[in-house]
Amino acid sequence: MKKKVAIVGVTGYSGVELVRLLLTHPSVEINGLYAHSTAGQLMNEQYPSLSSICEQEIQVFDAKKIMEENDAVFFATPSGVSKKDAISFIQADFPVIDLSGDFRLNQEEYEKWYHSPACEQKYLDKAQYSLADLERAEKHYIANPGCYATATLLALHPIAQTDWFDVESIIVDAKSGLSGAGKKLSETSHFSFISDNLFLYKQNQHQHIPEIVQKLQTWNEEIPYIQFQTTLVPATRGIFISCYIKMKKELSEQDIYDWYERVYKGKKFIRLQNKNTLPSMKQVVGSNYCDIGLSYNSTTHVLTVVSVIDNLIKGAAGQAIQNFNQLFGMDETLGLQLAPVFP
Amino acid sequence: MKKKVAIVGVTGYSGVELVRLLLTHPSVEINGLYAHSTAGQLMNEQYPSLSSICEQEIQVFDAKKIMEENDAVFFATPSGVSKKDAISFIQADFPVIDLSGDFRLNQEEYEKWYHSPACEQKYLDKAQYSLADLERAEKHYIANPGCYATATLLALHPIAQTDWFDVESIIVDAKSGLSGAGKKLSETSHFSFISDNLFLYKQNQHQHIPEIVQKLQTWNEEIPYIQFQTTLVPATRGIFISCYIKMKKELSEQDIYDWYERVYKGKKFIRLQNKNTLPSMKQVVGSNYCDIGLSYNSTTHVLTVVSVIDNLIKGAAGQAIQNFNQLFGMDETLGLQLAPVFP
Amino acid sequence: MKKKVAIVGVTGYSGVELVRLLLTHPSVEINGLYAHSTAGQLMNEQYPSLSSICEQEIQVFDAKKIMEENDAVFFATPSGVSKKDAISFIQADFPVIDLSGDFRLNQEEYEKWYHSPACEQKYLDKAQYSLADLERAEKHYIANPGCYATATLLALHPIAQTDWFDVESIIVDAKSGLSGAGKKLSETSHFSFISDNLFLYKQNQHQHIPEIVQKLQTWNEEIPYIQFQTTLVPATRGIFISCYIKMKKELSEQDIYDWYERVYKGKKFIRLQNKNTLPSMKQVVGSNYCDIGLSYNSTTHVLTVVSVIDNLIKGAAGQAIQNFNQLFGMDETLGLQLAPVFP
Amino acid sequence: MKKKVAIVGVTGYSGVELVRLLLTHPSVEINGLYAHSTAGQLMNEQYPSLSSICEQEIQVFDAKKIMEENDAVFFATPSGVSKKDAISFIQADFPVIDLSGDFRLNQEEYEKWYHSPACEQKYLDKAQYSLADLERAEKHYIANPGCYATATLLALHPIAQTDWFDVESIIVDAKSGLSGAGKKLSETSHFSFISDNLFLYKQNQHQHIPEIVQKLQTWNEEIPYIQFQTTLVPATRGIFISCYIKMKKELSEQDIYDWYERVYKGKKFIRLQNKNTLPSMKQVVGSNYCDIGLSYNSTTHVLTVVSVIDNLIKGAAGQAIQNFNQLFGMDETLGLQLAPVFP
């Protein structure tokens, strides 16, 4: 029998992407759409692309009703919502997949990076931060990783576990398309500003930094920090991560490549590129893949790792469904067997 | 049991889109990929987006082998190929879906508009030009309509059948993204040229003109011609058609809308927009839908009909699969239940 | 001695373009920048592109001060401002170049199309609607034409004066980049919406329609109306106009071309393309040119006229300066000798 | 009296940009346009944007004629041309500004990075590699710096002269628009490929690397190398450079900022941004400016320096004119007083 799910915050980009993907999921029925400012409208009024496909009415949030009528709930809400609205689900031990950042950090880190009060630690303790390709969702509250964090952590996971590099040397130059910043209007999302443009934003202040560092430290406690910068690029979807890591000098490119190959063997949604081949961003757009390529410079001893994802799929809704599938003991690829849309 | 199909010309944009869509078709197995200049390579070498999804080897065209091993063949070849290479299939009465223009016109029209010799009329007579949303594929040789022709004919189909308009007045201002012109390199497909640019090409010479007119005349023999212009726009996918038709003066907007609604009732892939709402191009990209909107100007008596499609799906590979489904007696939506990718 | 000018509404796109162009004008000194919500800031804080070039402080509007300190004023304000704020200048017979639509129409037409009260007719009567390439600015209040109106009227000016066409047949399919809609944030100016997209807006309601029709009627009183539609395209600058006109049957393409050539001979900012050559939009971006091309279809008897302009220059700031130059008896090309920026 | 100049390789993007800029230069007359494959055509046939502005005929290269009729020559030719065709000018001590890479490196480095024989060292010795904002053009053969090299070197010039950083730590993540790769058609310049895409190319093999390193070493011989990666972005013009430098721990952000301010004080074409402000790429497009911003991370001790230029102006034609102006003892800003085109 199909699992019934509700989506809260359904009119944001992650929410509508959840709808789009879950519509093709053979074991899921979308059973309730919730949002704040658009309640009362039909989904297809907000998104004409969904006409005749999903014409459900958007409802006012109602935790009790959601729990009565569904098997799980997805929160695709902006920062600051689930830390309040998800509490009753935690108290009832009802399965939640939370795409927002509210449950990804401990209290101290959350308040430092989000400039806002965290929810109580006892609730944070109920959550599992689950990178779906590297671990298995088990707890009933899944803190789904951020888009930049996902691409960066998958790029660094194999190397981070080694002692082959200078732990203070990691530099991440991350580029993202506009949908990563959501639907919200701002001067920098205006076409006339960002078309043909690039700019670096949130210098050293991006809230995905602590999320990345805390996970890296579970793999290698010696890594003290990373230098992480984010540049907005004129594309709608896609994240492109360039990681630069200073290697200890005795290593060969082949050693590094073999290690990545070994670590990622059998991972369904990670595609290690051939040696000396780096992925382009568009080759994963529309899919749940993370493509990773390596390039080693024997003069500078710098390893470049490039990873690319579709920020709305692998970086949000796709990974959330993958986590959901794991949590309910299903094949993790259900609803996610999408070939990238190219060109 | 699954039907086995081969794709000839698989490395062009229509070919790779056939692969992408057929991979999700529950009743089809892709059993042979064929192309000329790329034979011997793997599909994923040409399209890294298909790594781990479709890694079949591209083969040299071999009609006999294709017929022995498959139930049908798709030709996604450039103009001029199928008129030679498809003949043996016709002779054997083997099912062909031809996405090229070679079998869409009679000899005289073909030679006038394609500036090249047509194939023999006896073979042309075997082909059915089949707009999949308006008729049913029945013959074993399907001439799949062109992208502009599809969007234009679906926009005009209801009105063309009436006597409500000046038959000499139809003007079509068609806009297309770059993928419509294929992979071939040219000065006008260079990003530095076409980004932030628009230009009108093939003035009064587009080869889809006779294809549109011949079909219109089957609906209304009074229509002598159309004025059809094509403008290239800086987008990858999508066709946006604006049709202008001078109406006879006694009509109300409601009459026209009701008629469109009646004609298109129950059509699964045609979404008539609400009254006074016109579709944007992106709301169908990634899907097999054709969205159509109407606007009537009671001062000028001009009816504007806007239709939008994804040129590679409804305008090529998607419609081809829809025709294939019809030909083999399957549900016509198989492999095509894709929600548009938005944003 | 240099003429001193003030610019009101300087932080909109037309305002900043006036600054950029006037900085290179050999006979003008920018002597006062005015705006409403940004008063108190420096111009380069609003536009970092102007750092070290124009760092003047933006002031609160003050008509008296502007008149005391300057020789003329440009209004680059949104609709509805100059009909109030420019009155004192009219009363003082002080030169005004108004880039907004407030003084382009008579009272009745203004109120019909702008849905807002017009200013008094006695003030409207003081204004000259001046298409700078076709007439000479003489009155002290210049209503600078709208961007769509400029491109459309220059496309139609020669043919409109003839009796060669069906006066009820004119259809204009106009395409514009995003900067035409100004800086204001809206869902449709968000990059994620408009990138790779097209949509038709203000169906039959664009406020440039009456402006175009009233001018056409001064050239040919038989023209009752035009069908005019506007489509937004994913480009920052540029307008691309396709006009379709049904010709009487006896005409040759050469006749039409010769007539355009004769009418536009010697016009410095109008570049008639060679026969059978249509302009691309980007070939005028960054300049004050209007490029025009013709294509005649002898089957349908439809003449296609394509015109392209940079909406912020020829369609706004550039034409305003051209009008200013005429008004002050200067060479009309001063400050406007810019080659298009290509690529 | 005006200096007469010839341009060789005039139909490439750098060549046409030289034409565009020199047309506004008050002390220069463009007296001869030369190119190989387009000889015999008019400049405006190749670039319709130049109709009525520059309609000179493109001639077959003729060194003798160029020297007889001009005061200087610009080479805007592809790699490998000037090392042959410029020799006779060197022998005659005739002023050459060479925008290509042929005279930027010594023989050994050239052959290593360009995979082609270098010209004789005695000719290379005649050339001055001249970063126009940092030194004065004096020799009669000017090797104009590469676009990436210009932006990178201007970003690093102040810090490179200090002992404040780890000399082995410099990482440069460079992004460029498409025009940087010239007009040449390739799969990766096709709109359908690069629109909405990013990719990293020439891994560790970009020919601007040795050019950058050799110059850095003149400022600080301790710097052994840099890690330099280039990513193509979907924009036509613009380079955006992010440099990451590991600082020694005792420094404050203020110290670093003050030093940049001091070094760049009075430089007309370098605009150091305010503290904690980083430039966007588009704020220099259309101008000869290099805008530079700093950001220091006190946790990681990494200094981020961002620099942005218009690759065709500051990175090619603009800097070439600046060098020309210096060489002929003119005000270095002549022909270059262009405000950026924004939006």
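Letters are used for the chains, namely A, B, C and D, taken in the order the chains are written, and counting of residues starts over at 1 for each.
Just so it is clear, a contact is a pair of C-beta atoms (placed from the backbone, for glycine too) under 8 Å apart; a residue touches a chain by one contact, two chains touch by 3 or more.
Quick caveat, the model's predicted, so the values are computed rather than measured.
Colleague: Among the chains, which is located farthest from chain D on the basis of C-alpha centroids?
Modeller: B
Colleague: Determine which of the two chain pairs, A-D or C-D, is joined by the larger number of C-beta pairs in contact.
Modeller: A-D is joined by more C-beta pairs in contact.
Colleague: Where the centres are mean C-alpha positions, what is the separation of chain B from chain D, in Å?
Modeller: Using C-alpha averages as centres, the distance is 46 Å.
Colleague: From the C-alpha centre of chain A to that of chain D, how far is it in Å?
Modeller: Distance between chain centres: 39 Å.
Colleague: Give, as an integer number of Å, the spacing between the C-alpha centres of chain D and chain C.
Modeller: Result: the chain centres lie 36 Å from each other.
Colleague: Find every residue in chain C that makes contact with two or more other chains and list them.
Modeller: Those would be 13, 179, 192, 195-196, 234-237, 279-280, 282, 343.
Colleague: Hey, which residues of chain D end up touching chain A in the complex?
Modeller: Per the stated touch rule, the residues are 168-169, 171, 173, 175, 177, 192-193, 195-200, 203-204, 225-227, 229, 231, 233-238, 240, 242, 244, 246, 276, 278-282, 285, 295, 297, 299-300, 302, 304, 306, 308, 343.
Colleague: Residues of chain D touching chain B in their complex?
Modeller: 13, 178-179, 183, 185-187, 189-192, 194-196, 234-236
Colleague: For a test of understanding, state which residues of chain D touch chain C in their complex under the given definition.
Modeller: 13, 16, 19-20, 23-24, 47-54, 179, 195-196, 236-237, 271, 273, 277, 279-280, 282-284, 286-287, 291, 337, 339-343
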